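Each of the next two complexes has chain A plus one other chain: chain B in the first, chain C in the second.
Entry: the complex of A and B
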């Protein structure tokens, strides 16, 4: 009744996933221990690439920028998203107040670059508006911060939306009870609403944590990691080492490092969440 | 009152760049002037600007390729994923949980871990810079999520449906194709939209695995156009291109919003 051809039915899924996801993953892990330029056969050099990682000044910049991205993402798109959600979720016409924040989310990374490069360029609108003369996309670490603000402009909406869904599903009874007991707005948020929406916050923060560690698109379309290498993130460094410098072994080592860091961060974060 | 004031001020800040985008994308290509970027232009030239972008960067081919990838890959992905979910849950595949974890485990790899081998392997296999290669990799990326959502969906479907259909003599394939696939349409649609959006907006695989204008996906092509902003693409043309290619995902999402919400909530049962 259950059929004899069952393994045949999972075969396409297993073959695709194994061939195009698992095999490349293992291959990259292997390549990170080799010297390889794509032409000559890969040559085993042990941990040499990883030793090089530790003393590469460009990688240090890249790590610093990635940390700015992670910390900044928590404060701006996530934190501000929560603020807008809390301010708007239970007022009349709240949905209308949220529209401006949702519009930018429709733009893709490339569209984002189109909008912001004329604004941030040297003779651009931002400099005129602020009456300053800053090279927003050139000086470090100003360029990373500027891109983070662009990212905030685009990403706030989706975080806000997730928080609104969470806030609206909170039971009304505890809030009413706290209000009757004379809790002010802040106390209400801090001691009633915040604890009740913790599970959702955990998901939003976890997703943002992993995504920010892998920041690539927006940096690539706005500065390509430059000028020089001063706005590179780990994902951009990986791409450049591999496909610009043709150092596949070293690029793979950066990829492995990025994977380990992402995996470790998610693990520690999840463990902390579960422990609570 | 303060709440509304804060929301309005923040909202206006957010609308600023959106306004600049709309105003300057509709401005005649030659008339962009950073000092007067805030003033709307009397002539509405959004479509001319977009036509010009299509021409100058060969975007027509890229758009066609992207549409192909963004439709075919998720379609294959959801069917293959659904079939795996059906086999594991309904046909009670032996060691089903192992196979499920194996398939779903595919989501954990960052794309950076896949790029080098895909690039090298594709070059050797003649798949580099080919539409087939792009469809394959995008399909593979779609399968784990589809298997996850559909496995959850099918575990909520009464087994008696399956038994009844088998009693009537339908093959396991026919039961899948004629009964299970149609009843999971909302879940399939939800996954399809997520994957469509992912592929439509993807930059990195297009950047790594393609080269020529007719294979290269549109976002990668536009990112290239962007570097040309300095090399002579007028700002309004770039903006119009960025705006118009962002539309399909928005339209698709708005058109299927209700189905989408239903599909996801069913998938998470």
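Entry: the complex of A and C
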């Protein structure tokens, strides 16, 4: 009955997706091959922006910092989230123990940075409490690590919550069987719980991977990528080149590179997880 | 089947209509204009101006203030291609104004300028900053002269006077240092250029001008010497930590630093903190580093208030800009913020600022366009990052100059 016009039903959705997702992406990809300041017509310059990427020392710093964010996110918010989930699971009052870890998640990235700015600034609370004189937001890579710790403070809770859900969904039978076979706590976790949680871990790690690759707001509010450009991440570089320097072409080239890296990392990671 | 086809076409038409512009719109008659600006903290003062203009010329004004200038500039540039256009908007003189004038986006204001100069509401000295290709664009939203605000109580405590020579200034800094007081404020973000422009303009203002137009290089010996001078001041321990996030108004109020160099608009920060000029704080013109220069170099800035060529009601926009230059409007705009005015008829309440404005108007100083306006945007971005790095690691000055010069080479290779 629908005949050849049946596709018409999906047209509004397709139009929206094409207009709001595909078109901007293709436009950005096109701009990455141009010189464009947001005013004069874009001028085609071929691969010049990508060649410039390769020899830009600021971009190398940006890539290094982004890698610190990715590695740090896996160890801290994800790793500690798992640890807190496992330690607080199946104990009396465990839910109450977990609540404080969840509260910071209510803050937005920018709000989070505003809260931590007076703590980490040179004359801030952290230096006074610790009795040290450390430039937490100025020295590299201390500033990236400091911001990563702030990020951990916020993100640990949600990762913990996801892991708790994973733990709760594990069937009791294999755990009891392992206990009867004399498995200790570590062996139980390593050989029974961890493998059973793999599907959920894949999701948590995948989300954390993408979130860390596009780290922007916390860095922008706390250091604006500085001093100099020493705490920039790829997303901050993309923003600065596009909107601060008005070099839309080069900013778009960074955006394309970031998209390719994020897409590739997610694809390779998920492919490996699915293969298992 | 036919019905489904009609529904689909209908939906698609609605979507396209929603996405499309309102082309072919007739000019409207507006009674209230929108004024987009990147001075979010001044909303209260813009509101007061809106109320006054409604009363005086029957044309109200509603401000929309941004606090992030990058976001603001992106919005204004995007508005040139969409139907969401501001009636009035603030911008920057120099390369940024030239950029948008070249695109024929900004309404010409030559006749407003001619009438205002004739009526004595605008000074001829200001005109070059608003002139592109022999025509004027926009009107001065504000003007500011840069100098040193100082904490008078600290100066009085240690028996210090406002310095008249560079050596005097260093003696003041030394006395403060002996008493464990940091002499100067500086920062690694945004205003990281302040000491560079001051030291360069006070050492060799011609070199400053050549640098702004790409005729000199950041790696030239004169510029390197300025960075070395700046480094020596940092090494001497005169500055507070550049990573200190305390608002500079509070830095001066609390005596964290005894002196803060900013434009006269910084007086608004003092007013907002209930500080009294002449009692709690005061202002002096920063002496030249090079005493042999014939005139003291003074950093000067003027921010434009503009309207678009394709505005919704060009006549109303023009009427508003014309009113903005009048003594009535400027008296209110300057006094409410405790600032100076572009209109020479306006009396400045603050004695020190009043003297500076009068002296600047009489040609006592060599006015030097602020680095922020004088430098092309891509070079400025590299320079702000570079100076931010330098104040944190003063030993990196040669690397910093090389990086800025690289950006300058790239810019001037296509813009000479």
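The rule is simple: the second predicted complex is superposed on the first by the 264 of 276 C-alpha atoms of A that agree within 3 Å, B and C clash if a C-alpha of one lies under 4 Å from a C-alpha of the other, contacts with A are read in each partner's own complex, and residues count from 1 in each chain.
Assume a residue touches a chain if its C-beta (ideal position, glycine included) is under 8 Å from a C-beta of that chain, and two chains touch if they have at least 3 such contacts.
Worth saying up front: this structure is predicted, and the values here are computed from it rather than measured.
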{"item": "Partner chain in contact with A:25 - chain B first, chain C second, else both or neither", "value": "first"}
{"item": "Which superposed partner A:194 touches (first chain B, second chain C, both, neither)", "value": "neither"}
{"item": "Partner chain(s) touched by A:227 [first = chain B, second = chain C, both, neither]", "value": "second"}
{"item": "Winner by number of chain A residues touched, once chain B and chain C are compared", "value": "B"}
{"item": "Contacts of A:44 with chain B and chain C, given as first, second, both or neither", "value": "neither"}
{"item": "Which superposed partner A:246 touches (first chain B, second chain C, both, neither)", "value": "second"}
{"item": "Which of chain B and chain C A:128 touches, first, second, both or neither", "value": "first"}
{"item": "Contacts of A:107 with chain B and chain C, given as first, second, both or neither", "value": "first"}
{"item": "Partner chain(s) touched by A:262 [first = chain B, second = chain C, both, neither]", "value": "first"}
{"item": "Which superposed partner A:118 touches (first chain B, second chain C, both, neither)", "value": "both"}
{"item": "Chain C-contacting residues of chain A that also contact chain B", "value": "1-3, 5-6, 9, 12, 16, 19, 38, 117-118, 121, 123-124, 224, 239, 242-243"}
{"item": "Chain A to chain B touching residues, read off their complex", "value": "1-3, 5-7, 9-10, 12-14, 16-25, 27-29, 31, 38, 80, 84, 87-88, 91, 97, 99-101, 103-104, 106-119, 121, 123-125, 128, 153, 156, 214, 216-217, 220-221, 224, 235, 238-239, 242-243, 248, 251-252, 254-256, 258-259, 262-263"}
{"item": "Of chain B, residues touching chain A in the complex", "value": "3-4, 6-8, 10-12, 14-15, 17-18, 20-21, 24, 32, 34-35, 37-38, 80-81, 83-84, 86-88, 91-94, 99, 102-103, 105-106, 108-121, 123, 136-137, 139-141, 143-144, 147, 163, 166, 171-173, 176, 200-201, 203-204, 207-208, 219-220, 222-223, 226-227, 229, 235, 238-239, 241-243, 245-247, 249-250"}
{"item": "Chain A residues touching chain C - in the complex, by the definition given at the top", "value": "1-3, 5-6, 8-9, 11-12, 15-16, 19, 37-40, 58, 117-118, 121-124, 135, 137-139, 224, 226-230, 239-240, 242-247"}
{"item": "For the chain C and chain A complex, residues of the former touching the latter", "value": "1, 4-5, 7-8, 11-12, 15, 19, 70-71, 73-74, 77-78, 80, 99-100, 102-103, 105, 188-189, 241-246, 256, 377-378, 381-382, 385-386, 388-393, 396, 400"}
